[in-house]
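Chain nomenclature is as follows: A, B, C and D, assigned in order of appearance, with residue numbering initiated at 1 for each chain independently.
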């Protein structure tokens, strides 16, 4: 093995402190064991050169390494050095491919014949479809009917990459239902199918596996910031939905205790849960959630006192999830990661600000980290790294609509939005 | 200067053989001389470290170098080695930023206070708006009213990057009119304004200047193919509209006389010009055009026998131009570059094929090169490099519409296109 | 504790053995209302169910097929809560022992809230170890005989196993077609009441045939003493017969019954009658498979 | 050839000097039809135009403002061709000499087509050097006195300059506010007929004032013998007066006349009358500026 730090991942534990575990139907347990075995052999031991191939494909197909860019105008604005990790430049437009390609390749090494995945807004689905096309793997994506109607372009992209998109009509037809449905497919076809989970969530070994594929973000950033500034950052900011870009950005910095790690969640319109309606007008799971089991792992959740999962909300579809990766719950619980959140408005302003000042249109997800930066830069030290987890082309319509109804200080003139 | 090859560009000539020149209103001539001077000092001599800064920004902001990827499934399909130059991974989604960033930076070095640019489908406009935002330069983009209505997302992107988008209502409200209007703005404000032209067209020194910024494509590709295969390619394919990605891909290979260079033009629906209607149902300027002067340069054109410029047509908006870079005309005239074309259908099939087989959704422009590859691979030698000049997310709607009405062999099932 | 001991202590195991071949039925509590559930449970009891599983609805039922998922949604929309569920069970008087089937998070969250625990100075205790006790205690108090948690594999079951032992409840585990070797042994050493043999890969839901996996699983389980009941996809008397013939001690039927409830809509005596008839059909099928001959009922 | 010689040979220069201060008018041939153009040219001639520029429409008029661009589009839509244009000029009989104003590509393409030339074994000749001759020859034959090509700077003008000399046509160059030093000298050594002084940066189009750039340009040009006429934005008699006062030998008016044509639409005698009146107003203005007092015309 080439990277000795990775030994931290070889603890053989299915949990991170009290979080994690494997809360899944019995039928899936053998598949998880098989996956754990593959994770150890191919990912941790680089058996058959798996990691070499993964890295090579992420370079040639995925466009890695992504740059770490000094944000000149943000640095000036905040009177400190601000650097952006440009995951928006990864093929497909977000960090999601790091994980999708890793898992599809692993499925190939494991001899699986078929890939399934869930998707909400379509980001993980498109990344998985791209990876599957690239590696010639049949691929089916489960997507809620409501999401399908809201995210047509992503549906087309998946179909053009040759993936089947299976509409999920149950419930509200969004991400939660799509995950449930994918689990069902997997439970039925587990022997020949790999489930490419979309974030660092789910039962062990998924959170570790996904971390392994995503931690390239922080590994590169660490090397790049050293090269550019001769030092390590004072703080690292990343948005957190399921938390894959978050752990991806943080992992290599976790041992450096004096580097502040801020996981920026979607504050939505309010941090309170409406118990009666079973609705959280936010997705601030780390900041406000309570411990429980969802989708295979013990973690922090948005839930009612009875234990029902509530509907989360965020202007950003990719953060709109009631759970979060168990490792993040653990890192928050132990104080290593600081959970923070900003409301929808701050994220929208962050979106406009980066577009306008730096010529980078960030994903609405990533815009949360930029919104937090604006409001809290004074507490972040002299050298700040922000993970721009994806590009915002997919969010244009949403931003236009949301900007029309609000008075956003960072938005360009309203006539921009003359959508005759 | 670090790259000695560049001496070839220092001939001080305003023409490429009989093509090129400076056919512009007198008022612009001093600005062209100023630009020529700046081109020689900053670009060719790297004065004040201009080229160093350009390269650094293209790396950190633009995401260069882009990968040269082996296309596994195309290689198998065609039984030869096919490599893709991944310009689709450049920030903004196309090679256009190479030029836009170079010119905006040059304008800054020249002390200009303001940027104008034309755009057709919006690709050059968005690239320029991004570059201008990044470098804090006020920016106005001229865009035909018809194009504005057809390309709303690109209009939004420009506005979000803080650029003004000025609708051009004259004529058919498309690219030609936008260029005319931008020239007018420039002619009025020339002392403080730089016109960021969008391809290797226009009066000297634009074609050389743009070549200088775009030739990074071929420079990287040359090094990468050597590293990966130990040799140089037998042929290089690039689509050609104005020809900036084309010259960009070819320039470093021009001296290697045994490498075939194919400029793939838009064959549209037919290669004939309808003189009566003043319409060419194609944009195959190099293949079918005649010599004349358009937008400041002597070059090959789609024109009536009287000398009126005809309306070109292509399913791909970025190739839809009645002119072409004078250097390409020269390279075609001297036999160094082979002009070829494929019809709309072949490009659409190329689009679907790459999406489906390789997990890369190419721009419809680039899809022309892929369409040509499919039909002519046997004549291209053992090692082929195809320039994927941009990504196709912008083209989804067009491709859906065009696919619905045709019987395309490479398209996925029709139900993909259920657009309820 | 040896197998023999478990066997001896278990009300559930006793019910299966005494009524061999046994019929185990599942419906979702609160679908379409808790009042209706009372009626339906009584109907199943009358119809010949030997054990009755009651689903306590959870919002993310990842092991269920569309039928039961829809029933759970109806129950949640009707406002079914754990406390309402337990009150229902408090009042039920059936011959057949009752089990609760629910997801692990429902067990974890039952009891004093984090805030309450904090005010009681109890917040330090890690929830995932401590918190299943209040649920199990209340289940026992309500008279439930066992618990099935479809998202709790044996590896994670220690806390619940302990709590169940403490309160004398059976903890039923599912044995899947993919469960083999060491894992099978581990599960079989923990199971009590009966082994829930999953007839096929996939989720719950009525199907038209009996899978080969059922036969294989029963063969793998032959050596174990604990009764085996087969579920997932059983919908007709003939399936029941076939399964019992293959060596099972009981059949478990859920989706087929939930379908009946769904067809009849809200608060419906005919639904109860239909459930009773269906239970009778299934029980007859099981008996037929077990070689116990039963005459067809008279046509009405 | 010295300035003096040029001066002596030039019909255009003579027209300016004889009618000093001169009015030079522009309209687009074929707007809205070639028949109308004949009428309009005659009206301008009557109204007092001393030189008449006729635009031969080109599809990409990058030096024009919106007004003339629209006129060009109307002319093209009406089917105006170079041959039609020359036939129009063939038949025109005006006191004022005529110039053609068009873009370089129109000159290049005129004459035998590439296919024709190929069949005549002539295709080898590079078009950009050879091909302006047929146009110039035909222009001379039609009786045109000069040529203005707004997208042809002096640097690219050698072939055309030669052809014009050969056929005795003047080649008018534009001097822009940005034209200085060496470039100015070069242009002034090539110009014949008059120097077209561009009043301001930008494109053609009627404007409400006279720019400072005009004064600066005229000062820079003082030392040159050739007549100077100022255009771009001149629309009223008062502008004309001011420009002549500043030292110009003539004013050039285009957009203001094209506006009149556009207002009146197709085939319109009133348009001709209005053009004549406008020309008269402008000519009076020019004379006023030149100190030649002219009484206002009687109100109708």
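Miscellaneous remarks
Everything below uses one rule, namely that contacts are C-beta pairs under 8 Å (C-beta built on N, C-alpha and C of every residue); 3 or more make two chains touch, one makes a residue touch a chain.
The model shown is predicted, which means the values in this text are computed figures rather than measured ones.
In this assembly, the chain whose C-alpha centre lies farthest from subunit B is C. Centres computed as Cα averages put subunit B at a distance of 66 Å from subunit C.
Averaged C-alpha coordinates put the centre of subunit A at 37 Å from the centre of subunit C.
Distance between chain centres (mean CA atoms), subunit C to subunit D: 97 Å. Multi-chain contact residues of subunit D, defined as those touching 2 or more other chains: none present. For subunit A, the set of residues touching two or more other chains is empty. A list of each chain pair in contact follows: A-B, A-C, B-D. Remark: subunit A residues 59-61, 63, 66-70, 72-73, 86, 88-89, 91, 93, 129-136, 149, 152-153, 156-157, 159-162, 352, 355-361, 393, 396, 399-400, 412, 416, 419-420 touch subunit B in the complex.
Considering their complex, residues 14, 18, 21-31, 33, 170-171, 176, 179-180, 183-184, 187-191, 278, 290-296, 298, 301, 303, 305-309 of subunit B touch subunit D.
Chain contact summary for the complex, subunit D toward subunit B: residues 58-63, 65-66, 69-70, 73, 76, 81-82, 103-106, 108-110, 113-114, 126-129, 150-156, 173-180, 183, 187, 198, 201-203.
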